[in-house]
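Common to both upcoming complexes is chain A, partnered first by chain B, then by chain C.
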Partner chain A sequence: MTNTASSIEQSVLIAPAVYEAATATIRAEAARLLSEGSVAAVIGYVPGRRAGTAMPAVVTDAEAAQQLVFSPACVNNLTLFLTKAKKEVRKKGRLAIVAKGCDLKALAGLIGESQLKREEIVVIGVVCAGVYGAAADRRAPLSSASLARKCRECSVHVPEGVDLLAGTLPELPRLDPLEAAELARLEAMTPAERWAFWKEQFSRCVRCLACRQVCPFCYCEQCLCDRNRPQAVESTPRPAGNTAWHIVRAMHLAGRCAGCAECERVCPMDIPLNLLNRKMAKELKALYGHEAGLEPKEKGPLAEYREDDDQSFIK
Partner chain B sequence: MPKTITEQNLHLLVDALLREGKRVVGPKRAGTVTLYEPLRRGEELSLDELPRRSAKETFFPVCESILSYEKREGRMTVRDVDLSRLPESVLIAARSCDAAAPGILDAVFSWDYHDEFYLERRRRTVIIGLACTTADDACFCTAVGLSPAATQGSDLFLTPLAGGGYACAVVTEKGEALLTAHAGLFAEAESIEALPPAEPAAAPLDLKRIKAWLDANFEHPFWGSIAERCAGCGACAFLCPACHCFDISDEGSETKGERRKHWDACGFGKFTNHASGHNPRDVQPQRYRNRIMHKFKYYDDKFGLTLCTGCGRCIRACPVGIDIAAVLDEINSKP
Partner chain C sequence: MHAEKVNHDFEPKIIAFVCTWCTYAGADLAGTSRMQYPANVRVVKFPCTGRIDPVFILRAFQKGADGVLVSGCHPGDCHYMAGNFHARRRFAAFRGLLDFVGVDLQRLQFSWVSAAEGGKWVEVVTDLTERVRQLGPMREFKELEQEECWSGALAAADLQEAYEAIP
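Let's turn to the complex of A and B:
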């Protein structure tokens, strides 16, 4: 590769020491909370068998807390485990959760939607320099080249409003926002080109529903898309059903989506779902001045009527 | 003497098969992923990586119509699918873990009920397998009795050669016939130097021992401890060459529509939901237990076969890092 900005950027390592420091604090605090009995379980990450992997874990004793880690492999948004989709976990009692800044937005959203009370949980906020992107070589240390796209535009490296904070922030490289650039590319297309783009993307969707199952806001016990009497959305992975599924999801998440990009990360077919989410977020900001953020809000823009709402679309 | 074929002639072989009116399915780039898809020409073959979804869809499509209906002037016409019109097919460059799977699935699709949709495609398809020369740390075919060079399930089998091109071994009569019909594209070599097959790091599992543990431990805290994190999606099952659950849906309107067979997965919360509202597998650990039981106990009880070829796809795809090889290892080492 030539000596361009991107090749210079590729050589930028993301300081590994910050993860080690965060790991030590998480272990100590989790062990303390568990042995004091102030929580019944800590939801955190443990290493996976394969190189450069980690996975969610629900830890219930101080000894097991020594397995907890924070590393660039800690990609999951663990707030999923606080929702009613994960009843088994909530049943254990008071919970502590390890949360990156971006995950806290989902927590605020869940509180706003009355799924959870702030005082019911202990939040171990973790200072985060970034996590691996989907195609990253996980045997190599995290660098700007292997960073998840969302982390290139991160504004919440240091989470706020948490009960405990793990880690300190190193100096981070300045990175170009690839996702914003991709969104701009799509916005510049004609509607026909954009339609062709999404049609091609959706053609790979097999309706495995991983995107739904990891989303903290997809906690409905009866998903419209599972209904078959009458069927609301075709449940078969064909063009009509797939398009309907993605439109229903985008609309249902509009103004609620916290932007954790989990849906996109888990899609085994590499469908860039976060572009849809981000587009919806942008529209909602323009139309209603609404942004999903770190403050719990009781009502989202699509669940509330206001006199000054934009009515211009009604013809 | 061993037969060989150059990369270019492999492409010409695909083109020739297409000209004969055959459907040729092989690994092809689709966006950022590689999938087994119908090829339009030989050059589309893309052999460097394991396709993201398995080759099972050659026989068991993601979704297919099994009948159609139409109501006209008060009369309802129901039309079956004419299976005699299914194309003769060649599945080319199926990795060992994918080529082995249809042979395992034949048992369930021809058991008490004969699934003609699946079986007819099987009858009409020739499988050309491909040896793997690279493996990652999710691959564990060697742990379940296969290998990157296993010819099980293939009719012809390709092995990449050190100097480029492939050795082509005949495995079955079906394969022999295909090779003879296109003999001009193959050469005969005095000797060949094959690239060394991949070496997955996984140690062999004692599948009998695992089954014995499963036989005795339907209820065990282990299920909760590993499966609590399961998100209940279908990613593992949908990517798996051996998972074969499907649902049937009628879609369309009152006057016109189709009955469709499409993939389903035991991980889904609604999979076992009864019309009464009762759900016998009402929490995720029970659903994950079913996945393991089905693959390593029930399928063995019924057909004497293991429902996993060690391709590692479910491990790579699982959103919450559930690693079936690690789960099996753990069961294998239980007292």
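Let's turn to the complex of A and C:
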């Protein structure tokens, strides 16, 4: 399992110019916001030390805002910095955040869960043509071969409801959805084959918990899976605990996950975690017509109910 | 009303997570009415079906359950007004997830059994026990419990050879 599709089709270059335009707008806007004092800090991306990389940064003065960039290497979901898990960032005061479409869905989810208020943050939305996948060669310009899997079926290239929009959308090539195909492949298997598939995948898990740490929705101050009196989920990297951990995590994210696929990106063992999340999203769409979107919803599908919900599975 | 005593090769372990207000009282009624039902079921009492976390079901399977029953009040009868409505959504989603991971959903049953339905309790428990008996033991989670991490790789022939080659 790789995060890129290299062999399937000829690689198509994906609009490099849009990233430069977005970078210029982000810098100007961040400098303006910081110098006029309307925000205390801007959460954005700065170049990493190696060529072709970028890393998240919390910029607090207008001069440093000139280092902000937006490139295909800006893979992180910065919404993470607005959660309870990163208290020190919220303490700085009013914040501005650079957000791609997929990150904006997570932001909407957090607002819906009352983790922050829309008026407390300034959202600099960026038009995003896609970012690098995990195994991509980052010295080469972004092409359909090095594109992250989630970007192949992105539905929000242009974010909506933001305070400022950076960049304009170029014409994008049509790409085959890989994740949907993989999901369909798994769904067509027999239960025993699926069990074998997931058993193999989960057995690789080393329980580094990077998937949890990078997830904007895993902001619980105490995780159920860290508790040991009583212990709900075994915490050592053995098959039983691993399977339980991933099932529990998928369950906790059901109806909340924004599909940013950060969990899958940071997984050192290349476990296709987003498949589980996608499955749950699909399931809840089918059951309750709920979809993670850009509009904050007051309640998720598992936090509310209707009296006439389907109960054909209950005898 | 005495059930015939039959010897079976395999006695399934069934864990029943029940709500204290309806199904527990229903099972109690079945008992006080001297109805017979399989002794394979172990009842765990909860304040409400809304309290039953999917983790409990996983834990039951890991610890050797061959079948799990979750049962509570009929919709609208919840002692806490809406606990069973929330549980209904949660378990509908959880079923989808378990199926996707490859667990046989026939081993997992959800029911509404009220305090007056001693007969239904007997029926549900008997059905599930018989079904699980046909399916045989639940091996998947128990095997996971027994396996060490990396077990497959460590048992490889080339590693064994390398190990034996150490002077």
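The working rule: the second predicted complex is superposed on the first by the 304 of 315 C-alpha atoms of A that agree within 3 Å, B and C clash if a C-alpha of one lies under 4 Å from a C-alpha of the other, contacts with A are read in each partner's own complex, and residues count from 1 in each chain.
Assume a contact is a pair of C-beta atoms (placed from the backbone, for glycine too) under 8 Å apart; a residue touches a chain by one contact, two chains touch by 3 or more.
Since we're looking at a predicted model, the values are computed, not measured.
When both complexes are superposed on chain A, chain B and chain C end up clashing with one another.
Contact with chain C, but none with chain B, is seen for A:Gly255 once the two complexes are overlaid on the shared chain. In the superposition on chain A, A:Glu36 contacts neither chain B nor chain C. Once chain A of one complex is fitted onto chain A of the other, the partner contacts of A:Lys87 are limited to chain B, with no touch recorded for chain C. By the document's definition of touching, both partners, chain B and chain C, reach A:Pro237.
In the superposition on chain A, A:Glu119 makes contact with neither chain B nor chain C. When the two structures are aligned on the shared chain, A:Arg194 is found in touch with chain C, with no touch to chain B.
Once chain A of one complex is fitted onto chain A of the other, the partner contacts of A:Glu171 are absent, as it touches neither chain B nor chain C.
Residue contacts after overlaying the shared chain place A:Pro268 against chain B, while chain C stays out of touching range.
Residues 236-238 of chain A lie at the contact with chain B in one complex and at the contact with chain C in the other.
Across the interface of their complex, chain B is touched by residues 48-51, 53-58, 76, 80-81, 85-89, 135, 200-201, 204, 206-210, 212-214, 226, 228, 231, 234-238, 241, 262, 265-266, 268-270 of chain A. Chain contact summary for the complex, chain B toward chain A: residues 30-33, 35, 52-53, 62-63, 137-138, 224, 228-229, 231-235, 237-239, 247, 249, 251, 260, 262-263, 265, 268, 270, 283-285, 315, 317, 319-323, 325-326. Interface of chain C with chain A (complex): residues 53-55, 58-59, 62, 75-76, 82, 85-86, 88-104, 109-112, 124, 140-141, 144-145, 147-152. Contact residues of chain A toward chain C in the complex are 186-187, 191-199, 203, 224, 232-233, 236-240, 242-244, 247-248, 250-251, 254-255, 276, 279-280, 283-284, 287-288, 301-307, 309-311, 313-315.
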